[in-house]
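There are two complexes below, and they share subunit A, which is joined by subunit B in the first and by subunit C in the second.
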Partner chain A sequence: MHGRRIIFRAMAAGLAAAMVFGCAATGPIRPFQDGESVKPETEGEIRLWHAAQRIESRLKKSGQIYGDPKLRAYLQGVVDRLYPEYQGKIKVEILKAPVLNAFALPNGAVYVNTGLIAAMENEAQMATVLAHEGIHFVNKHSALQRRNYHSTVGVSWAVALLGIPFLPDLISASSIFGYSQELENEADKLGYARLRAAGYDVRQAPKTFQHLAMEAKANKVPEPFFFSTHPKLEKRIEHFEALIAAEDRAAGRIQSETYQDHVANLRPEVLKGKITAGKYNAVITVLTHEDLLPLYGEYGSFYLAEAYRLRDQEGDLVHAVKAYEALASQQPDFAPVHKSLGMVYLKTHRHKKAADRFEHYLELEPNAKDSAFIRQYLKQARIGARLQ
Partner chain B sequence: MHRYWLGLWMVLLLLCTFGCATTNSSNADLNPAGCNTSLRTQADVTVPAKISILPIKVEIREYNAGGTTEEVPEWSKEGKEIVKKCVLNHCQSNLEVEIVSLTDLSEENKAVLDQYRALYETVAANQLYIKRFPAWNHISDRVMTLGEGMAPLKKQLGTDAILFVSGYDLQSSTGRKAAFALYAVLTGGGSLPMGHSVLHTGVVELDSGDIIWSHTNISTSANLNNDEDVNAMVRSSFTDFPSAAENNRQQ
Partner chain C sequence: MRRSRFSAVSGVIVCAIIFSSCVKTWTRVENPQMKGPNGLYRVTVPACWIHAAFIADRICISKDGPSLNWIEVSHFDRSAGFPLTHTTLNGDHLITEVAEYDLAELKARFKGHTVNHLATEPAEIDGKTGFRMRLELIMPSGLVFDVMAYGMMDEGHFYQMLYKAPRIHYYEKELATFEDFVATFKTAL
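On to the complex of A and B.
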C-alpha cells in the first residue's frame, strides 16, 4: 500500500512538473549574432521587450533621466567602441540616482546611475561596467532568467507533491540566484574580452570593483546594489586579476582626462544627492581617499566638510571646521561655506564667530531662499554672544 | 486516502487534456451583482450631448503559476480594439450622446491627458471603497473632481466633457490553473488568487474636472479580449449612464 502511494505521488508529481514546466517555451535561446539580428524571437522575448518599453516610458515620464546630452553621447561612444557591430542597438541612458547601479533591459537599453558614473575614475573603468551590461543584452540573459524562473516554478510544485514542504522554496531560491550568478560570471568573462578587444587598459577593470567594494563598506551593506546578486566582489577582483596576469598586453586606453571633462559637473551633484540621502560615510570614504578627492575639484572639500558636520560623530566637527576654514580662506566669496561654518559655531556655542559667519553669508547672498532662516539663526547667535 | 489521490489524478489529467495555452473563458451572461460600483455624484447631472473619448487603454496580463504577471502585447492590442468597438457601438446605439474620437493629439496634450487618466483611475479605484463600505457613506455623495487642469483643452477638443475608458485584465495561465487545483487538493480546499478583469468608464467635465459619472466593473470570469465578455461588461457598465434622454425624462 505504501509503495503504491509513493508511485501515485511520483506520477502525480511528474505530471504536475510536465504540465507546469512544459508550458514554458523549450526552444534554445541563442545570443544575438550582430546588430541585424537584434529583435525579439520568441513569445517570451516579445513580452520582455514590451515590458522593457513600458519601463523606459515610465522612467522618461518620471523625470529621472539625467539631461546631459554631451555626457550621454560620450557614454554611447564608449558602448559603440565596445560593441561596434551593435551600433544603434545598445542605447545608453543616465538615471539621476546616487546609488551605484547599472542595468540592461532586454531591448538593449542600458541605464547607468549618476552615482556609478561619479564613482569611476576614468573611461576604462566605466567601460568595464558597460561591457558587462552589454553582454546581458547580447546574450539574452533576461530571456534565460525568465525561462529559468518558469522552469523552477514547475519543479517546485512537483517537489511539493512528493511531500517535502520546504524544499520547493529552497530550490526556487538557489536555482534562481545560482543561475543568475552563472550569468553574471558569463557577463564578466565576455565583457572582459570586449574590453580587451576595444583596446582598453584591462588593469583598470579590477579597480572598478574596488570602488564599488569601498562604497559598500562605507555604507555598511554586504554588496552595492549593482552587485547584489553578483559573485562576491573580492572573488571578482581576484578573477579579473588572474585574467590580467595571463595577458601578454595589459596597457591600453584609459582616458582619465576626457572622462573627467565629461563628468566634472555631475560629481558635485552626486555628492549633494548622497548628502541628502544621509550617506555621510560614503562621502567621507571617497573624499578622504587621496586619489579620489582631486576628481571632485573645488566642491570636494566642501562636501567632505558637510558630511563631517552632518554625521556629527566624535571629532567630526573638528574635521568639518578645519575643512571649512581652509575653503573659506581659499574662496572667501563661496557663500555656502560661511553658512555651514555659522551652523557649526552656533552648535558649539561659539556665538560671536557664528554671528560673523551668518552676517557674511547674508552679505554674499542677501536674497537666498533660506535667508529668513539664517536671519533667525543670526539673531539667536547675537543674543548668545551678548550673554557670553 | 485512495480517493484523494484518485481525485488529484483526475484533476491533473483534465488539466493536461485542456492543454497548456492560456485559455479564454467566455461568459456573456455576466452577473453584475456585487461586481459593479457606480459613481453618480449629482442627481440632476447633465451629460453633454457631445463627448470626446480619450484613446482607450487596455492592459492584459498573464498570471503565471508562480504568481508573477506578464503583459501579453498581442492580447492588449486585441483587447483595446474590442473594448473600443464595443464602447463606441454601445454609445451610438443606446445613448443619446455623440462620441468624438481624438485622433490628432499633440504629444504635449497626450502627456497631460495621460496624467489625468492616471488620476481618474486612482479616483475610480478608491471610489470602490467609498461606495462599498459603510464607513465611507458620509462622503459617498460628494462630487469627485480631477481639478481644473484640463480646462485649456476644452477649446482644442471642441467638447465639454471627456470619456475615460481603461481596462485591466489578469488571465490565469494553465500553469496557474493547475497550481490552483493542486493547491486546493494539497491543502484540502485552500485557494490561490486567480485572474480577474476591471473596466473603468467615466465622464469628466473639462472645465471643472468634476467626474459627472463613473463606473467600475469587476469580473472574475470575463476576458477583455473576448467580444462577448466585453459587450456584456460594457452593457452593464453603461446601465446607469445619465443620458440626455434620461435627463429629458427627469425634467
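On to the complex of A and C.
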C-alpha cells in the first residue's frame, strides 16, 4: 500500500514537471522570413535539425536516392520558382519508391518519391506538391507539431518517468507521415498562394489530389501517405475547386511537354517497381485511364498487359493477350512482349503459338538472364504442340 | 503483513521460473533430421547450427546469430496465398510467375529496406522444377545483405528455402552449407 502511494506521488510529481517544462518550452515559433533567416533558433529546433540530418544520412546510405541529376535539377528549378527568396535553402531529393509520397524535413530537405513524380501529368501538378511541402518547412510545421505534442500531453516527461526512452527521431519522423489538420490546411492555403504567385495554372491543383485518390482506391488503402491525415482528399479537392472558382485568372504555366521530357525514363521504372511489388491493381487503374496511358509511351501497354497477366482474375488473360498482341504488331523487336505472350499461350494450352513466341524471344535475346527458363518452356510448348 | 508479502514475492518468483521454462528459445540441434510443420517436408540441418524453436510455422536456423546468417524453410497452401501479398496460386501458374509473386512477397516482407532483384534461375529441388532467386538488401545503415531464395510448387503447396547473410564476410562463408541444406530437402507428400 505504501509502495503504491510512492508510485502515485512520483507520477504526480512527474506530470507536474511535465506541465512546468512544457510551459517553459512554449516560446513563439516564428516562420522563416526569407533565406537569410533560415537557421534553427531554439533548442527544440536544433534537435529537429539534427534528427533531420540523421534521417537524411540514413536515406543516403540505404541506397534509396534516385540518381538522376537532370530530373533533380529540374524539380529544384520548380521549387526555386515557387520560393525564390529561399534559393539554396529548400533542397529537393528524389526517393526510389513507388508509393505516392512526399515530405519536408525541418532542415529544408524536400523528398519526393518516384511514384508521386510518375503519377503527375505536368509541372503545375508537381508544383502543387512542392508548394505544399515548402510551406511545411518555411512555417516550421515540424517544430509546431513537436511542441503541440509536448505541451498538450507532456508525453516525453511522462514516458521518461515510466521508463520508456524519449525518441527525438521518432517525433520528427512522425512529420513524415503527416501533420495535424490545422497545419495541413495552412500548407494547402499558403501553398496555393505560392502556386498562383509563381504563375502556375491553379486549375491543375485539384487534379493532383485526384491522382492520389485514384491510386489510394486502387491499392485499397484509406489514403496515401502524402496528405495522409485530415482533411480527406475529397474535401481538399472541393476546397481547391472553391479557391479556383474565386479566381479571376483563367490560365497559367502548365508545362506538360517539359515535364514529360524529364520524367519519360522514370515512368517505366515506376511501373516496373509497382509490378515487382505486386501492385497490379494500381497499374491497371492508372493505365486504363485514357488520359494517363499515353504518358507512359510504348511501355504503358506492355506493363498494363503484365499487370493483367499477373493479377490473373477472371477475364484478365484476355485483356493481357489483346494488349500484348497489339504491342507485338507495333513493336515486333520488343523482346519482352514475345516472352510474356508465350507464357500466356503456354498456360492456356495454345502450344504452337507459345513455341513461336518463345523462339522469337530467344532470337531477339539469346543471352537473356531468363533464357534458361524460356528454353524449358519452349521444349514444353513443342512437346505440347506435337501432341495436339 | 511481512509474511504475506514474502509469500507473494516467492509466488511471483516460482511463476517466473515455471513460465520461463516453458518459453522456447534458440536451441542447439540435437537431431539433424528435422520435419516441417505437419510433417509436410524434412531437411537435414547442418552440424553446429542452432534452431529457433520458438518459431512454430517454419524451420529457422542460424550458426553465428540471426543477423549474421539465417536459413529458413517456409511453406503455405497455394489456395491460402502468400502471407503478406495474399496472392493465391493455381495449378496453371508457370514457375517464373510463381517467382514473380514470391519477389513481390519478399519486397513486402523487407519493406523499408532497398530490395534489388539480381537474378532468377531454374533450380531443381527434390527432383522438381523450381527457381533460385538472388536479391540484394540494403539496410538504412548502408549494410548490404545478400539473399538466396529457392522456391517450388508441389502437391498444392509452395515451399521456400531462404538464406540471408551480410555480404561482407558472412554470405560466401555459409553459401555452400545452404546449398547442401537445400539438397537434403524432401517433401513428404
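By our rule, the second predicted complex is superposed on the first by the 339 of 388 C-alpha atoms of A that agree within 3 Å, B and C clash if a C-alpha of one lies under 4 Å from a C-alpha of the other, contacts with A are read in each partner's own complex, and residues count from 1 in each chain.
The criterion applied here is as follows: contacts are C-beta pairs under 8 Å (C-beta built on N, C-alpha and C of every residue); 3 or more make two chains touch, one makes a residue touch a chain.
The structure presented is a predicted model; accordingly, all values stated were derived computationally and were not measured.
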First, second, both or neither for A:379, with subunit B first and subunit C second: neither
Subunit B versus subunit C as contact partner of A:50, first or second or both or neither: first
Residue contacts with subunit A in the superposition, subunit B compared against subunit C: B
Which superposed partner A:322 touches (first subunit B, second subunit C, both, neither): neither
Partner chain(s) touched by A:235 [first = subunit B, second = subunit C, both, neither]: neither
Subunit B/subunit C common contact set on subunit A: 61
Footprint of subunit C on subunit A - complex, ascending: 58-59, 61-64, 96, 276-278, 309-310, 312, 343, 346-347, 369-370, 372-373, 376-377
Footprint of subunit B on subunit A - complex, ascending: 5, 8-9, 11-12, 15-16, 18-20, 22-23, 46-47, 50-51, 54, 61, 149-150, 152-154, 156-157, 160-161, 172
Contacting residues of subunit C [partner subunit A, same complex]: 85, 87, 90, 92-97, 100-101, 103-105, 107-108, 113-114, 116-117, 119-122, 129, 131, 138-142
Of subunit B, residues touching subunit A in the complex: 1, 5, 8-9, 12-13, 15-16, 20, 64-66, 68, 70-74, 111, 114, 173-175, 178-179, 182, 186
